[in-house]
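In what follows, structures are represented as structure tokens.
What follows is chain A paired twice: with chain B in the first complex and chain C in the second.
Then we have the complex of A and B:
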């Protein structure tokens, strides 16, 4: 079977580059074909790259605390531009200050992300398997739709 | 002691030009140059006469012969991709660099209306692309299907996702309306554009099929070789002479014509890293080092009135522009007309280069301001070489208004040079001279480093 295609990047005007490199390595080593857009990636750049590469998931990072503004309307934009279904993950230090993890998670799930990884839940262990399951679930959905 | 002779001929829509070049011991020189008006009824005629004349001038009896043509509209192409800033953009670049006249480009799904538009364009070649290797297949499959359902009949070059290749081939070969060429993907990976193979296939198609309808068969039979599209030959020439460490300059060629103006640029680092100390980020597909753009509304004869609009003048420039639009063969007769011609040429040059250059727009972030770059950074360009009939008589300068909010990455302080003998198209078409000899001649004779030489 062909490798699953995923797009990776750090959203907005966020330039924290280290975690992004680790994520690239982690998902590449675990069987994915990763298109890494690096830092300072806009919503449309994620979507453009996902369309062109036929990606089934977009993995968004945000470290500098402005995820809420940067990710506003991301799911809707994906749908509008024909990326439906698509797995959307987000991780990092999504908001400023020490907020309750559950609240932050819920906030981003409500925005349309499928999974949210905030500290201390950011350690990379079984994300590769979870991602595969989520992608397969989407494939299943789309075949049923036809 | 080595010696060889080379005849290069270029059939343009108004003039056909030819030159005999001689190579003595790896030293190239221009021996003779000729030009005749092109007969629109028989575009081969002037070419054949020039060929006979230059063959007589040649010392030996087996000079190398090659010719190019831009007559009868050259090579008309339509480019199809998916995302505008990825494959659609690359498909356009590939078509332009192969020397085509780009008559339309389409992204995402082709609609029935798009297909009718293409039908009306009636292109020589459709370049169908989309998807990285292993990437998106839906769009190319659907688009191939749309083409096969349409009334379009043309050559189709496929250079999209490898995984969709055989399926696309099946769809498009199911009817007789297309002649198919299958190529490697122009975007195998999102940050790895690759347009070389497509370009050579397009040129091959032009030679084998397209030129039949362009009245060139007689020239081909008599000269004994196949023509290539003029801009494609210029592009390859630029590529050939730009691969040497000793001639590492960023530069651009601007070919100013009567109706259109072509701009070719060679830039080692098309993406800038800093502007005013502030980081710059790119976006979309990687910019290519060598690119061509065509301005269909910039020209010194048919489009000279467009240029007038850019120039503040109340001394009669507009009347002159009207005159030359009406009489396209007009050549300036007196000092005043020369001044007008210089003004028009300068603004054609400036505008074409400005449009070819990239744009910086500010992004404001928590960490201060950054820039996003779209297009190519031409600020490092050292020379602007002007070619075309006007290069022989006009004097030019460049003036750019670079904008406040958005910054145009135009050449910082370019030196303007002229292809005084209008020999570039003729030099470009000859193949039998080594890249090194060609590069030496170009850099030392045509573009010698002294200012204004």
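Then we have the complex of A and C:
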């Protein structure tokens, strides 16, 4: 089976690079083909890269608290540009201040993200499997639609 | 910088956003000259240098002016020096986005920005901050092109300005060319020099911790010294050089001691004698434990090591570090914790240990190799040399996002928890030094019965957030 294509990056004006480098290495080592856009990536850059590579998932990181502004309308923008379905994940410290994890999670699920990881302390090895399941679920849906 | 070129460029910079027109240099000089010494950064630093005490400074900044003043007024009782942390949009000169953040924050009645957008708020808002407080305030940010921000905040009465052409590029941007950011920071330093000429003291602080992720002391010390010289060249007089806590007591003390010595040596070599030099110790800049009790322990230990290192100032973390931007109460608690730990050790004599001396000599030797390579590449021109050194990988910061950075160097902890070089990349270090690092890492690998590998590096990156210093296998 071909490797699943994913796009990885840190959104907005955020320059937290360490986790990004580790995620790149991790997903690459665990069977994915990773297009890593690095830090400071705009919504359209994520979408351009996903279209170009035929990616089935966009993995967004944000560590600096501006995610609620940076991610506004991201799902709608994906659909508008023909990325439908696409798995959308976000993880990090998403809003300014210490907030209830459940509230933040719901806020970003409502914005159209498939999974929300706050704070980013989930064991990585589980993520590789969850991501595979979510991508396969989307493929299944697309096949049925045809 | 040539004075005519600088003045011409000033006119362009001040026109790049509407608030720039409110900058009136002569009026700002008057304001600075009338500031009481309690509000002047370099004067408080001098007092600390003279008395051998250490000053505490938090990080803090929110979107709206009154809310920001309330935050700093609250922290003022617990800190010696105050910050104004600038939001991430302003750092990228995205003033339209910052404006949106201000409007959204006003509507939501909470800050949606991770700092204070000083350019959008303008000179008079900055003045309001300075006038509302009784302690010196520094602009803390991460801005590769910080010219307009400097114009507005210095005219606004701030007496210290963090950053540098290397330290606010390599860890803070992806694609800004290094020659561009170094040039833009020469402007900032020339502006500070212009204030200094009028007798207004503005402290400058290159950002020591860089990527904040297991940075070997020689790399941060070399860059700090280079940025120090670049600042002195433009007329800066008060310099605070920084270092981010690495975690091993011996190495951390040695690093600050080595930093002072290397700086003094090279400043002298470049012909500078008339300056004030202080140092800043940053409490652990990497990942923090989520549990607040554990976070307090990291903070407390950072306070102890800061005192033992002999630093002039310590930048304080908060128990919310793992979660992002702290509440004001969490910020206060970080300060209180640090104050207590500092007082527990402040009567102790400086530690005289052979291990520290040895480590200090190694750091100085490594730092010298790096700086000398920059001097030689630039044929004496440090700005040019720094650009070439990053291209060649002679200077290389682990885990930095910038495309200017080769990114071959990999750090790893040794069996004592000190940060060593697992991969020295292209850095021009002697064979003896390389062997030293290899041997220290081999000791740990043997102890843990595994090969040193990238997995070990990752284990070290997450170790402190998981409750330990060295990322040992389970």
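Note that the second predicted complex is superposed on the first by the 141 of 146 C-alpha atoms of A that agree within 3 Å, B and C clash if a C-alpha of one lies under 4 Å from a C-alpha of the other, contacts with A are read in each partner's own complex, and residues count from 1 in each chain.
The definition used in the following text is that contacts are C-beta pairs under 8 Å (C-beta built on N, C-alpha and C of every residue); 3 or more make two chains touch, one makes a residue touch a chain.
What you see is a predicted model; the values in this text were computed from it and never measured.
When the two complexes are overlaid on chain A, chain B and chain C occupy overlapping space and clash. By the touch criterion defined above, A:5 reaches chain B but does not reach chain C. When the shared chain is aligned, chain B and chain C each come close enough to touch A:64.
Contacts of A:40 after superposition: both chain B and chain C are touched. When both complexes are overlaid on chain A, the residue A:54 reaches chain B alone and has no touch with chain C. When both complexes are overlaid on chain A, the residue A:15 reaches chain B and chain C alike. With both structures placed on the common chain, the touch criterion links A:112 to neither chain B nor chain C. Taken together, the two structures place residues 12-15, 40, 64-66 of chain A in contact with chain B in one case and with chain C in the other. Interface of chain A with chain C (complex): residues 12-18, 20-22, 25, 38-40, 63-66, 68-69, 93, 95-98, 119, 121. Across the interface of their complex, chain A is touched by residues 82-83, 85-87, 108, 130-132, 134-138, 161, 163, 187, 189-190, 281, 283-284, 363-367, 370 of chain B.
On the chain C side of its complex with chain A, the touching residues are 62, 87-89, 91-92, 94, 97, 100-101, 104, 110-114, 142, 171-174, 211, 213, 290, 320, 322-327, 330, 399-401, 454, 458, 461, 465.
Here chain A touches chain B in the complex through residues 2-3, 5, 12-15, 33, 35, 40, 42, 45, 48-49, 51-55, 64-66, 82, going by the rule given at the top.
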